[in-house]
């Protein structure tokens, strides 16, 4: 367990009291976001997303398999995240730890609960054969805010994915049927300020984290609080507001990128 | 998942007869286990949860120790027989995520800096499950920690709210959880209303969120009273026994 | 590895020399036994058994599955024990250790070898579909003598279990078909005395342990010796005798409890 | 499991021609491996077992050490090809239970208090399996421990008895184990007849148990002589080689 | 596995138009990651590989430390989406073998004795796979190690040769790997031509082996130039940025 | 991590400079090889091979199962090696480590790539049922050169294996269909000499290891280099030559042994 140097914490907090962030951003401002799709030829869909120095790759693979017995007419989706040791000196190889599991589950719920993938259109033979969609997330470079980078990479990869019908002799390939996705925005709280899109330095000293996914209407589609601090009602309101505002901008950039 | 079940009728009555703001029946008993340093048995609707607290004690292995404070290890575990289709024993991804968010929530109220290098283990065992087990588990953990005499700034408490058939209601039951529109589990430190756990799945407008959030916080305060009574009962019966 | 304090050992042994046990019992006497059934609504059958402060919960779940190829007309049973960290400061989470495995296997053999569950009546379609019975044991509070508490909890849970035929659209629910069960009684040896139903203190200083399961006829249906000490022929005879006697009493209490 | 096979005929002869008290043929060789500190190869009926002993040596990891005595780690392992249907490599629940009861039995005769913080590893490898492998393994372990020069109060030895077609007999063979009524593996310290391993599955009246127990103990003494001869042979060939 | 595909035509042209000695297109970029101490992104035909180097840093756990030198942990991992049929995440037997032979090859050139008790972690991530990933991974690892400033006697480099339709050729492509007769991956220290990795599957006469070996070594030298240029580019852009 | 005593290394190297090996052999000479087949009655085929003090047992088991979808007409083979703690004070129980995995994979490739087992003759029903061949290697005594001992044990066990058709009611048993196997020979390099069939002492101080499998024509069928040293082109040539020569002798001994 690393003890974050007191000096770094003091520095970041002192800046915060002056209304400043370490990298000069406003508290409601994201780092530069870059989205690149179609980066892996073997995948049905893929994307590399950078938020500042943080870099996540998502790949979509599809297979034909059996549906769950309680939803015989629906395709199946599954999400896995690997915090591979490539991305950080602190990540170890081995079975996924709590952090990787939380990341995968939050991205998974963001896609699943909002029914981004139209699973009911992925049935091949009711009760027998459906499409299975695998979302695999590889964290390549970790400089904070994995949740947003991973969610966005998953959405960008899904948005450009083709159902590989030809490979399975099921007709021509066609785009994966999708609904409008909610966009996840994460804020952290430290020294009683709330800052969106935390860098690694900020994450390490943060008391609490809150991720809010919002849709085109500004409705809330998912939330996840983390870390061992707390939020007041007012702070939650503030985080939601910032998530709606930034979510709108990020959605615009995603749509431009995938030509929508 | 949608269904044809009408979850709330025209009079605002829910399937089990509750009004929108009503919680399911709750029963809490502190100090139910012999070996544990602190324990709690809780029934909440159809949920049955048992919590045992061990610690503070030296954290093992040594490299897991934090030289500045105690670590809090909540372990949420569902008994194989607690659900309709038998659950394979051992932790799955869901239970590991719940263990993580509950651990983080409890760390906020426990005075961990009093016990550097120590571990406080909070074992949450779900014996019978019926919607809302994470709220039930965190609530029972709060009582078990108090029973163990762990110093805390407050007794943490949890309650969910959600949306069913377009109505915002407190403390979703089984069908409401399965066929409802949204679920919002919340845990707070009740003396300050600080939010220590917050998750949401589903679809809520901002207004609905605010309404649901307030219902959940109100629910927390209702449950908090039951917690305090359980702890008092334990101390009274303990002092009577002397 | 804990070294049991010498002082505790000396105390227990000194008492034993005076013919006494720490908690005032006779060497052939059980602690108070409590049996409560039907404690878990989701289970097909369930029971919570207390022997003194030791507390074990057993739950029965059933499913429909395939038979083993070498017994196509028989249902299948399986037993798992979790020494969950709830029950003792010494239990760790993680995959089951040798103690949990021995416990599960001894309980399993007690049920299986005596054919307590009439598995031949649990065939739905020969070679295709049979009932699978899962016995899951959760140790809730550990103050010695897990074998007897777990066995008894398993038997009580089985005795009140219903085959969930309705849930699987196979007709009406009906009681799980059972034969008369053998009752397990465990004794330990320390300081050359033999004591039945050891408390945790006694277990920790014991040299050897012997579990004997007996049936209504007083016949022996299973035995398991444990720990790194030994028994003489005479001591074994003594343990068997005490097991038959106490087994009779415990069976009576079980039958009363399950209304038989 | 019952079958139509008649396991014992009207003359008291068993399937392989043995009388009720006869053991299957046994062959024991000590000191068969180069690297091990002590070793033994044993054939018992259709069973083939190889045992290697390492130690006493420092127990690793350190937290497994007992400051007052050596720990004895018997590891019983069946080769994938030792049984009719290939066994998945690695320990299963059965082999872990057998490892535990054999470790406990060996601890009784080894002077473990002479080697605090040490481990004595007893690796039992079943190469060919045909009823009674735990008795064969423990018996071979006794010889390998002696070959390794581990100080013991006695050379432990094991033999089973059981019931087939209503008759009590010694040392069950393959079909007798599959279709018999009861199996009673016993291990003793032969100098004192103290029982260090005892398990029973099946159905025995008290009288039958007593009879079976005595047959097993007698069997142990028969095997004990073969053990001693194997150890003697090893020492003689070793001293001849000098 | 044989097929009807003609892998090389009568003019000696291969499926993708290459001649027997030609390599697929290669692109190498050094220093592409922020957190890593050294990194490299490499495209080689359809392969895309990313390597991050961490260290030298204290080896953990302590008992893995070598008091005389650093240990080199290469970890070769294929992304789940890097192959036609999704690969289960996590190491399998193939990737663990490749990790081992690459670790051993890198240890030859790294001055490990300068860093006793340390670990140098070389994480090789295959993002897109199309024949020859181990050569691509080792080659990228060489650049990433140089980028991390790890002292080495040489920058290790790798290239394969093989046999298709009876012809010896360099750097097998996808179909050539699937339907060819032999594959011979080689890694060398290019300043001395010492062979640090060598594996062969298939069928080669001694003459064919010698020819293939020479082609592979020649290929290594071609790739080595591209490596050096990538490292130079990185230093130049770094110094320009100052 | 054991540091091999400097003294032993110096001794072996000094001898090497005088053209000698510790056990008196020439650098191109094997230790005595013993091959014993049919040693396990339960196995379809089995062999125990000794090379000096090194001792490996191989057992072949067969089962009926499904073919791989990309080769529906072929049997399936799989190889596992257990470095059981019996064989060396340094082997630990637990999941196979890198050394065991490399060993199993090298033996597996030696058999698979040279198509020693005629898998196309092990099809029972195309696409449905084929024979599965399990090669299990147990290292019994480890005194160096496991690769050659394990390969040879696998080949000897395969050579005497019978397809257990009768047990599966598929006609009479018949010999497992095999082609001529390549023979693996391993050399190591230390102190700039190359020595074949390394003993454990030599392996521990070796810089590099090279295994070469050759067939009856003297063609190369597999190679595997190991350890953190290097070979020159000339050394590789020398190793190949020695492997061809010794391979011829070992094949002769194998054939004599299996009566071919």
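Letters A, B, C, D, E and F name the chains as they come in the text, with residue numbers starting at 1 for each one.
Note that in this section a residue touches a chain if its C-beta (ideal position, glycine included) is under 8 Å from a C-beta of that chain, and two chains touch if they have at least 3 such contacts.
It should be emphasised that the depicted structure is a prediction, and the values quoted were computed from it without experimental measurement.
Hopping across touching chains, the smallest step count from chain B to chain D is 2. Annotation of chain D and chain F: not jointly contacted by any chain, touch as defined at the top. Compared with chain D, the chain whose C-alpha mean position is the greatest distance off is A. Comparing the CA-atom centres of all chains against that of chain C, the greatest distance is found for E. Our note on geometry: chain A versus chain E, Cα centroid distance of 32 Å, whole angstroms.
Each chain gets a centre from the mean of its Cα atoms; for chain A and chain B, those two points are 27 Å apart.
Annotation: 58 Å between the Cα-based centres of chain C and chain E.
For chain B, the set of residues that touch two or more other chains is empty.
Of all residues in chain F, none touches two or more other chains. Taken as a graph of touching chains, this assembly is arranged as a ring, one closed cycle with exactly two partners per chain.
Each chain touches its neighbours in a single ring, whose members, counted from chain A through chain B onward, are A, B, C, D, F, E. Looking at the complex, you find that chain E touches chain F at residues 1, 63-68, 71, 93-94, 96-97, 99-101, 103-105, 107-108, 184, 189, 193-206, 209, 213, 217.
Of all residues in chain C, those touching chain B in their complex are 39-43, 46, 53, 55, 57, 59-61, 63, 80, 82, 84-89, 93, 95, 134, 136, 138, 140-143, 167.
The residues of chain F lying in touch with chain E in their complex are 1, 3, 71, 98, 101-102, 104-105, 109, 113-114, 210, 215, 217-233, 236, 240.
Listing the residues of chain D that touch chain F in their complex gives 33-36, 46, 48, 50-52, 54, 57, 75, 77, 79-86, 89-91, 121, 123, 125, 127-130.
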